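Below: a set of structures, written as structure tokens.
The following pair of complexes shares a single chain, subunit A, combined with subunit B in the former and subunit C in the latter.
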Partner chain A sequence: MIPLRLRGRAEATAPYVVRLSTARDVAPGPGAARLVTEDDEGVAFSSANGLLAIDGVCAAMLDGDVVLVDPQRQWVERLLRAGSQHNTLVVTERCDQLCVMCSQPPKKTHVDRFALLEEACLLAAPDLLIGISGGEPTLFKEELLAMVERVLGVRPDLSFHILSNAQHFTEQDIPRLAAPAFRRVSWGIPIYAATAGLHDAIVVKDGAFTALQKGLAALLVAGARVELRTVVVKDNLAALPELARFVAVRLQFVEAWSLMQLEHVGFAKGRWDNLFADHRAAFAPLAEAIDYAILHGVRAQLFNFPRCTVPAAYRSLARASISDWKRKFPNRCAPCREQAQCGGFFAWHPDDQASQMVQPL
Partner chain B sequence: MKRRRFLIPSLLAAGLGAHDPARAADKEAGLAPPPADPDAGSLARLYSQDHLFTLASHRSHSSHSSHSSGSGGGGHYSHTSHRSSTGGYDGGSYSYDPPVIPRLPRTPPSPLPSQTAPQPLFTPFERASPPAGDGLAPLSGRTRRFAAIVRRVELALLAQDFYKGPIDGVVTPELRAALRAFQGKRGLEVTGTITPATLDALMVSSQ
Partner chain C sequence: MMALRRHPLPAGQELFVNAAGRFFLASQAARKRIDSSALLETDRDFLQLQGHVLEPGDTLGHLARGYAEARRAVVSPQLDYLILVPTLRCDLSCSYCQVSRVAATQPGYDWSEDTVEAVLRLLDMLATPQIKIEFQGGEPTLRPDLLRRVIARCARFEQREFVICTNLQRLDDEIIALLDHPDVFISTSLDGGPDVHARNRTGSAAATVRFFGNLAAVVARYGPKKIAALPTIDPAALPDIDALIESHARHGFESIFLRPINFQGFARKRHRAVREQDDDWRAYYERFVRRLIARNWQDRSRVLEEAYLSIALRRIFRPGTERHVDLRSPNPLGIDYIVIDHDGVVYPTDEARMLARAGVIDLAIGTVAGGWDSPARDVLNQHSSNSDDPACQRCAFQPFCGRDLVDDIARYGRIDLPRHDTAFCRRHMHLFGFVFQLLYDEDEAVRYSLARWLRLPGAMAPTLDYLA
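Take a look at the complex of A and B:
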């Protein structure tokens, strides 16, 4: 587990964003901090915002990281880690759904950090892919789109992947989303079933399915890049082939369709036995859905499926989807030859369960 | 220039600055004025003129007030159990919380027999545990590291007559004013903060 939040002591009193650099001799540019000292327990940096002492890391680990410093709470949050393709900015924790398996249950309060996050994006390492997540980011659609537009206006080398339920896009957004800047933006959009009843039950929101179709239509017309995401749970496992037909017929414009195994955190943790569909015992519906999608030109892929738990014929679709900082492998995986291509398990997955599931390849 | 460079070590040699462990021990033990001092330090205060000074192990109380100001330096003496950097993680008070981020496994090495098995990947990113305690390290690493640099800045500004306050490692309005004055005089960007350019100009080099 790579720590994303560190304890830090800052000279400043208000939160700020800064890029850390370990090059001692060079005068750091605007928004950059230079390493001052390093000892066994941590490091200290200096920037225009003054001193910043961080615990529990060595300097080399932080080089190039863009961090958000919260002096009052003595937190240093590593927003954009240099060299990682798994950076996610949480723009809000508010959400308008309450999905049964939510891995990050929403909060009522919204802390507006758009200005700080925008600064962070502008300081990002070249060509970085920046994930944006929530909550539901488009609850603050104007702030979100404006931030993306401004950042890409200055930094056309960056790209964004934004997780959204797509229910807040309207016809009025189409010209905006069709602008050239949005070629560098892809949208990860959840769809759990081909019918309103089941989809709405899983996201615990009446009318969600209908609103989603309208949003997807707007994205389609705008030529947006869309990745559909379907978390597999007991309730929708048998309905996956039907969803595959729906996607292939109605939503063929999508770039990819990701079928995702459950994450053992948030709501899913307490409801694991009611939600977890063991694909090792029942891969047939998944196989049928994948076959149908691929035959119809929809690129289906498997997220959070350890490779050894997937039948050999479908193994190549199982991506190393779990972010580097929260990925782990049980000890039994040590001899496996496919570990490098495998997503492994979420760091919070119970070890005994993980251990039982795997069979080194 | 040369003279200034030598002045700092001389001040250090004279006992100014660098008394963390003793001070920390005071704080930790919640020591009232030592019983050996019948007038409770009032005589010392009279002569200290609000400056920090050190006499044997008795520190002037006139400088205590500065600890409660600045950027909250005074309130963060952590307990011994907090010596691992993440000991204070509570996760609750911050209204923005990224996904569950478990505390770092930075516990002191425990001689568990199960530890002989190969560890999962992606764990060896943390620092080794801090060295075994000598009983004098109640300050968190960041607070000590932070204060050590601030003290060096205070000394350097004192040596150049920009600062007259205590060498206590606390960023006070007085220190900020001194930084601004120094930065203005040297043609640096005036921020009132300890910037890389200021550290260079004060010749407070990296350790």
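Take a look at the complex of A and C:
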């Protein structure tokens, strides 16, 4: 696993964002931190905010990273790692749903870091796709949209993928979301079933399905780019073909529909046996849902499905979806010829289970 | 419940289709429940999920319905497809040549330098990131210099596709250098074995040998994917189905476009009988498709398809992804594609060019130098959608079907015949009726081919909507 949070000491007292560089000739200026020393202990960078020492790392590993330095907690958070396509900014840990399988269970407190995250975006490498997640980002919709608009105003080369439960979009948001800048924003939106009863039970919120449809309607009218996300659990597995019809009839405008296998972390860890639907034994509803969607021009794809666990005909739909920093392969995968295209397992997936599931190709 | 159009299928079953092209098959019992307004709770749920019942206040449902209808009606407003005729000269004289071609030595039938310049200026002005150019003729390989100039001028486009429609009589170093270009594709005619091909096209044994030699050479050099070989079928002399399939499959061509002789050009004189396709043709077409299905089932190593059937399938399920301009509605003329003839005159379609050459009616809409935003074009476009036709409005297949003004003019000299009295309508009523029969066929061989033609990872079996 690639560490995202490092121990570090800083001269400054308030949190700040810098881009780390090992190059000698990096122009000094706001946001630029230049390497000053590197030894067995670690590295030190200097910037307008003073010295920053990070222990136990080598400079090359951090070159180009945009980091958030929190002097009080002595944290250095790697917000945008150089060369990685998997960077996600968490804008809040609050959420108004309590999905049964949530991988990052929400917290009541909210620490407003929008200003720092905006600085980070402005320091991003050219053409970067930046993920935004939570909690539920649109609980702070005004701050979120304003940040995206300002960043894209200055950096039209960047783009955003924002995970949202779409509970909070209204008709009033449509003109704003229809602005040209939002062509560079796609929304990842969870939908678990075609009926209110089942969807609301899975997200543990009454009225969520009704609100979701309103939110999706606003996004449709705005011409927003939407990726639907459906985590497969025991409760919705059999209902997937029905959901495929719902998507093909009512949500034809989406760019993709991602069917996702469970992540062994957060709520799902403790509820694994009640939630995990072993698709190896019961792929039929997934197959029917996928075929129906593709038949009707909806781009269906599989996330978090190791390729060898998917029937050959559907294997090309299994994306290497697990972010590089949290991906792992059990030892048994070593001889597999398709590892490069495979998403593998989440780093926190129990080794014995992972090992049992795979069959090297 | 929203309005549904209907089409009867065997065994008392009936196909129901809405204006957005969403459809389901109802059993005889279900049809009776619908007709007598005796819907069961489960019927209602089914119809609601399919978008056929919309509750007041269901904003997303109403929007989705509008979106689906609009998606079928969207046509690119941007010119990005040019059919170019750099010369009308040809070194063959096929019996059903679709344009009045001229002899290979005849002067005055190539683009003038002014026309070349006007075409190149047009390419410079196009605001599209992608361009498709089809070189027609005549025989375009008689003027490789013009092809090279056009191709070179297209370097600025992000995506380029050039199709050279050639009789493959000439394959020297100069032509090979052109074809080697990765964006260049070859389209040729392949009517069957050497005897059929010689009778219909080449005329002489030497030219026939040259054609098959060059065909083998380009397949060997580029693989079958770079080449489209289209048969033209004489309905008065229907070829043996397996021989026809084999004549294509032998070269690795998996997509066979079963085209009857087009009632155009010289065919009007020499093949008068082809004005209407009759039941014999339609029965032949079905036998051909069923033979492909059987062959696909027997030999899973490759998937053979009839190209027009696959176009119809994509029209049914994936509106907006199919750009075949002969089957669409609205079918605006002179907007997203045009034909530029050997003399710089602009026609809305290749068939329109042929009608003008044949002296039937002049459907020219302008010139490449002077433009074609003309009253003639506007008149045509007032009638270019099937959604305004009262017969089409009642037809279950209207959302999938097209409108072809030029075809009506070619056959009848008018565009206002009752739709059912036109060959276009009869052909497509048959085609879509046949397609839907296949779609609900429970035979596993049929389902296998359908799933492959529609590029599904899995099976067709459980996927189609049926109200029991």
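The working rule: the second predicted complex is superposed on the first by the 356 of 361 C-alpha atoms of A that agree within 3 Å, B and C clash if a C-alpha of one lies under 4 Å from a C-alpha of the other, contacts with A are read in each partner's own complex, and residues count from 1 in each chain.
The criterion applied here is as follows: a residue touches a chain if its C-beta (ideal position, glycine included) is under 8 Å from a C-beta of that chain, and two chains touch if they have at least 3 such contacts.
Nothing here was measured: the structure is a model prediction, and the numbers come from that model.
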| item | value |
| --- | --- |
| Fit-or-clash call for subunit B and subunit C when the two complexes are aligned on subunit A | fit |
| First (subunit B), second (subunit C), both or neither touched by A:Asp39 | first |
| First (subunit B), second (subunit C), both or neither touched by A:Glu77 | first |
| Of subunit C and subunit B, partner touching more subunit A residues | B |
| First, second, both or neither for A:Arg245, with subunit B first and subunit C second | second |
| Touched partner set for A:Ser316, first subunit B, second subunit C, both or neither | second |
| Contacts of A:Asp206 with subunit B and subunit C, given as first, second, both or neither | neither |
| Shortest CA-CA distance between subunit B and subunit C [superposed frame, angstrom] | 30 |
| Contact residues of subunit A, present in both the subunit B and the subunit C interface | none |
| Residues of subunit A that touch subunit B when the two form their complex | 1-13, 24, 27-28, 33-37, 39-44, 46-51, 53-58, 61, 70-75, 77, 90, 93, 103-104, 107, 109, 111, 113, 265-266, 324-331, 334, 339, 344, 347-348 |
| Residue ranges of subunit A in contact with subunit C within the complex | 194, 213-214, 216-217, 220-221, 241-242, 245-246, 249-253, 287-288, 290-292, 294-297, 311, 313-314, 316-317 |
| Subunit A partner contacts - residues on subunit B that touch it in the complex | 71-72, 76, 84-86, 88-89, 93-102, 104-106, 117-123, 125-128, 130-131, 140-143, 145-146, 148-150, 171, 189, 191, 193-199, 206-207 |
| Subunit C residues touching subunit A - in the complex, by the definition given at the top | 22, 49-51, 58-61, 63-64, 67-68, 71, 317-321, 451, 454-460, 462-463, 465 |
